[in-house]
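Next, two complexes with chain A in common: one pairs it with chain B, the other with chain C.
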Partner chain A sequence: MDHPQFFFMAILWMVIWGAVGAVMIRRAYFARDLDVTQARAVGVAVGAATGPFGLIPLYLKTPELTRRWRVLPWLGVAAVFTAAFALSDPDNVCVTSGSFVASQVTNGLIIGTIYGLMALGLALIFSIIGIVSFSHGEFYMIGGMVVYYMTEVWLPGAGPVLAVIFACVVTFMIGALFERAFLTPIYDGRVERPNEYAILVTFGLAFFLQYLVQGLSGANPVKARPFFELPKTNIPEDGSILATTRSNITLFDTISVSTPRLTAAVISVLMLGLLIWFLYKTWWGKGLRAVAQDRQAAAVAGINPKVMNMVAFGLGCMLAGLAGAVLVQAFSWLPQTGMIPALRAFVIIVLGGLGSLPGAFIGGLLLGLIEATGVGCMPDPTRAAAYLPAYGMIVLTLVLLLKPTGLFGKKI
Partner chain B sequence: MKTSFILGASALALLSAPAFAADCPIKLGGLAPLSAPGSVTGGEAMRDAMKIAVDDINAAGGLLGCPVELVVVDTEGLPERGAAVMERLITQDGVVAVGGGYHSSVGIAAKDVADGKGIPVVFAETWNDQITADRQKYIFRIAPLSSEVSKIYAQFAATIPEVKKVVILAENTDYGLPASEETKAGLEAAGIASSTFTVDIGTQDFSGIIERIRAESPDMIIQLLTGEATYNFTQQAAEAGMGPGDLPMTCDQAALESGAFWQNVPDGNLCFINAVGLPRALYNDKTNAFVAAYTSATGKSAAESYAMEAYDSIGILAAAITAAGSTEGDAIVTALENITYSGTLGEITFPVNSSNPPEAAGKTPNFWHQFPDPAVTMVQYQEPNQLAADAVVVFPERYKTGEAIISGQ
Partner chain C sequence: MIRHIPNGAGLAALATLLVFPLAYGGANYDFVMHLWITAFFYAILASSWALLAGYGGQFSFGHMAFMALGAYGAGLLDNYVVVTGQPTRTCLEIGLFGNWVVFIAPTGVSKVQSCLEMAQAAWPADATVSRFPLILGIIFGAAIGGGAGWLIGTLVLRLRAAYLALFTVGFSEILRAAISAEIWLTRGQAGLPLSPIFPDGVTLFGTYFPATAKLPAYYVMLALFLGTLLLLTWIAQSRIGLFLRSLREDEDAAEALGVDTVRYKRVVFVLTAMIAAAAGAVQGHYVGLITPNTIVLLQMSLVIAMAVIGGLENVVAAAIGAILISFALEFLRTDFFLFGTRIDMTTWRLVFFGLLLMLTLRFLRNGVIHGALMWIDRRGVGAETVAKRRAGQTEGAE
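Up next, the complex of A and B:
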């Protein structure tokens, strides 16, 4: 950084006025007997973004804190942060190159989509059964392994679509069978400490699956071929709008995305659409949502919560398996591949709000963007990628400080 | 009185005898990363090579009249795990010496445990200078020094025309961090600018860092990554138009496991790979015999550098035990300090030792108990799906078997 003083002054400004806003605005709303649930977070954001210029009118007028109030001040905080960063490090590639930023944002959104899909499975399980599955990463790994074996070993001519569907079936079946065999004691009081039991039994499943796959497949890395390869194209002739190679697409000479990652993201978005349709348009989906909202009321309405538990666990595992199935063409795959994505999924569901399905997906996108921005803009290139896991944790910590239930979590 | 003295002395001798005579079977330990985030490709190759070494020793009649048993442990490439398995090898399994070892960070953590317990270790593939620079009595190494390999990288980069700026991508470990500093210094001395990027050892997704490297507009990329990370980076860089087919790039020696490399990096042609050990044209009888046994046992086309090093680490320990006539740690160390062992890597000696310390030898402490000149070469795949055995040696001049193909020029 050429002028770090600008950056640290801005951080100091945001911390001091954010803290003042948190205390003063909540106090003002409380004193006037108004809804205080959003007052602290809005106070922090208005204070950090505008200092006394925004806080004083807000303190005096105490308007209703609509969604606009909950979102716009945070964009202001982001703008202040960005401006301070640009002033303090004017030669940073994130400041000088728009095409670099566009590429990083695109890559962040693409990987975020897949993170979101995986986290969605974890959130689905938590919202219906109320447990956190520590074997989620292993289902991600199995999804990839199944696609690799289907396309490269068992049926080398089989198309990727068939392989992905088969991976979904396999992960759903393993999840559903496991739920029937090991999780039912949680529901009928057969175990004294159901939460601890769930942690232990899903941990056990994780180790079992990891070492089972290592025993069956070996510990060497494998990789599936890209699902689709593109012909070489240039539009117009100099490729200034669109240029494709076998494994890459470049848009406007600016955004460069590899085809395996793009394919993975497109399939994830399609599957997300299918999942939304399933949850909102089918009887089974409505049943799942009903159980998530009120288990007893759903049972009274003729929905069997135990069956829904099995479907939810299987579906959650399937979503993790699907994320792995589409990524095995982009990354080398090992029996231990699921460990890091599983950790990310935990961060995402806490960031988005435990049990919130939209929160899980948006949290995934957010984490993808944060990581891409961190790697791209960190002034010290030596450390930029080495801090990858830290970027998400910093944002998670800040969100939990301001909103302990996560971005979209319900107040308990 | 005399009788009781003789009886007492005899009893004492009987009691103390097992400490110096061999308990059968003689157990040797082997360190290898057999699970991620360690380099599994390298670990499995080392395990297979060490097994062949023990089979060869047993086929030749064992050691001190005893059969030899190999106990291989999985270090997972993690330092804490390395220290724990070294402790287990010594205290539970009762090994008398240890060979193998891949990741430097594991070696650094494990060596203190072994040295503290008086168990000799010959590290096979841990490059960090500190392994030997600490001048520990029981620690030996036949892998090259990281600083020496870094010089090779810099010298090689300087031979490529029009290379003015190099990006070094290093793993955030005891191997990658010092190696990146040493390579940077070597490049600077050759008048080449460089930028360093570091990543965690288990990194899978390199997309963000690839864009950042692209923004640096490098003329060459030097990877100081081990194992699977090199596969992921090379293929993702190639998909982004920054691969070995687009600009000169070095890959980790895990690329020498050609089956796994081509499956994971189908666009990895023209990658330069640093190889330790004699080039094929200079193979001795032992190298030829080992390569024949190894390729037959594993189905691979050639033996990787780390496989040869692992084989020799066990072979040299066996030779030292035979020379010492004992499995006692101090006796093995004395034998190792005086050994001239003909292995797959050539003639191995440890000339800088307790009777010829670094100061007297005019060497840095890094050369303590260090095999001083393992052959280090740069080889290149020049056709897609080429076998490792057919890769062309392109540097240094004295080992060269063909010209380098410089991509992008």
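Up next, the complex of A and C:
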């Protein structure tokens, strides 16, 4: 960094005016007896983005906080942050090279699709059973392990489609069995504190599964072969529009994406379509959503909520397993692999609003972007990679402080 | 008669622990001593976590992070702060009572001549350089842990159950990432070396024990363990314990009845964090090296498993569970062969404890040790029978 003082002064400026906005704007809305639910978040955003220039008019006029007010100031905050970063570090690769940024953004969105898929499973479980599963990362790991063993060890010629389906079946079965054996007491009040019981028992499952896999397959990292490899092509002759090698695609000479990740994202989007079809068009999907809305009313309408609990938990675990199954070809795989993705999924569902399915997916895309730019743009690359889990936690802390309901959450 | 068994057994166990290092004479003396010290360490962590989670209802997964903060706090003072008899004039230093407290700039793993070494070259031969007092380092570590506990306790005031657990998992992950990445200060994965608890050895009862002897460390850890247990049991049955339990049962109702929930949440976080940090600092000095791997979730899982299997709502039961499990973990280490394949017990024992944790939660919600104590307390009669008898008595009285 050439001029770090710019950056830190900008951050200080944003924090101070954000805090002023949080207090003053809320007070103004309170004094005029208006809706204060959005006032704090909007006050922070307007204060951080514009300082006193936006805060004073907002304080005086107190307009109705429509969706535009809730979104635009945050874009302003992002713009101010980016400008401060660019001024303070003009030689950074993110500032000098537009193609690098485009590449990072594309990769962030691609990996974000898969994060979203995994978080969707957690959101599904939360919306139906009302618990947060701490074993989500282990299902992700098991999904990947099953695909590895299917394609490399048990049935080397089986092909990835069969392996992915088998991984889904295995993770669904483990999830459903666990739900039947260990989660049933929380439905009928047989445990005094169901939330804490659920945290501890899913945590115990995570511990058990992680070491079970380590005992069965060993502690060495494994890596599956890519699901498919591209032929080498160049369009046109010099490859200025599209150039592919076996493991990489380059668009317009700027955006570079590795094939395994792209394959994973494509499968995820397909699976997402299938899930939406399942949730909105089939009886089971409608039943699940009915239970999420109103358990008693669903029971009156002839849906057995207990069976739906089992399906929801199994399905949620299956989504995590699926995310692992498509990503095992992109990363090397360990029994401990699940830890960071699980944390990430927690961050995403809090960001998107606990229990909101669209929120989980959009939160996944956002976190993918934040992580990709965070890793790409930090001035010290080794440190940037080491702090990978920290970006999500910063997001989590900010969300919990500013808007605990998340982007799409209902009021808690 | 049967009701007095736990108290008698407790006294006997205490007496045994006190004389054990003097009486035991096996060939594996050092190994057994090491097991006991580790067991005490885990018992301190498990019982303080039981107060936080079982009494206060705050299911924090950041206990090992507090422990590591204490250890690193003590370790940094131990490595980068020395007391000298001469001013260096080049380092950052403070004069105190004719001595100088010198702060050496951290160098990480690289070998750079520090300002102290340069100054030493010019000093007279009788100039003294000694380490920063160890007890102050441990107190400093505990204070850092308490400060972090206050911070976390404040940040999570509004968070409940799952949010709190998530936040603390994230906190410990960030701390681990920071300790691994900031090599200039913490030496990263190479680990930060710490001096032994008694760097020059110690003379007890007329016998000299060198710095590597296990017996002094055993008594230090035992004292910390017993002190913790006394403090925790006193708190658990005092007014604070009552407030904490009300916090656990229903926060809103407790607040409506006039319990200062904000204050007691902070109190329980600061207190348990300080205990964990002190234990970490002492353990760090005993082992002589502290690495970021102590914060991995496995260690936290072990502490949770110990507290849950012992009994979450009883600090003594949690401590007993921790001692039993840390011994069991050690004795289950031996590999064996089953159908011609080698069973790697270092992994499979953890599978076993994971399963035990789940089954205890599912079927013995009060934990194994606490459940057994309650059973003895009821004179061997089932809980339902006692409830029925009580119901019968009140009916008769009316």
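Here is the rule we go by: the second predicted complex is superposed on the first by the 411 of 412 C-alpha atoms of A that agree within 3 Å, B and C clash if a C-alpha of one lies under 4 Å from a C-alpha of the other, contacts with A are read in each partner's own complex, and residues count from 1 in each chain.
The definition used in the following text is that a residue touches a chain if its C-beta (ideal position, glycine included) is under 8 Å from a C-beta of that chain, and two chains touch if they have at least 3 such contacts.
Just so you know, these numbers come straight off a predicted model, no measurement behind them.
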Clash or fit, chain B versus chain C on superposed chain A: clash
Which of chain B and chain C A:Pro4 touches, first, second, both or neither: neither
Touched partner set for A:Gly98, first chain B, second chain C, both or neither: neither
First, second, both or neither for A:Gly273, with chain B first and chain C second: neither
Partner chain in contact with A:Val132 - chain B first, chain C second, else both or neither: second
Touching partner for A:Pro90 - first (chain B), second (chain C), both, neither: neither
Touching partner for A:Gly159 - first (chain B), second (chain C), both, neither: neither
First (chain B), second (chain C), both or neither touched by A:Pro57: neither
Contacts of A:Ala386 with chain B and chain C, given as first, second, both or neither: both
Partner chain in contact with A:Gly204 - chain B first, chain C second, else both or neither: second
Clash with chain B (superposed arrangement) - responsible stretch of chain C out of 1-9, 37-45, 55-63 or 289-297: 289-297
On chain A, positions contacted by chain B and by chain C: 214, 219, 339-340, 382-383, 386, 388-389
Sites on chain A touched by chain C in the complex: 131-132, 134, 181-182, 185, 191-193, 195-197, 199-201, 203-205, 207-212, 214-215, 219, 339-340, 343, 346-347, 350, 382-383, 386-390, 392-393, 396-397, 400, 404
List of chain C residues in touch with chain A within their complex: 53, 57, 59, 155, 158-163, 165-167, 169-171, 173-174, 177-178, 180-181, 248, 297-298, 301, 304-305, 308, 344, 347-348, 350-351, 353-355, 357-358, 361-362, 365
Residues on chain A engaged by chain B in the complex (per definition of touch): 93, 97, 100, 103-104, 107-108, 111, 214, 218-223, 225, 245, 247-248, 256, 258-261, 330-332, 334-337, 339-340, 371-372, 375-376, 381-386, 388-389
Complex interface listing, chain B residues touching chain A: 34-37, 40-41, 43-44, 172, 195-200, 202-209, 211-212, 215-216, 228, 231-232, 235-236, 238-241, 260, 263-264, 266-267
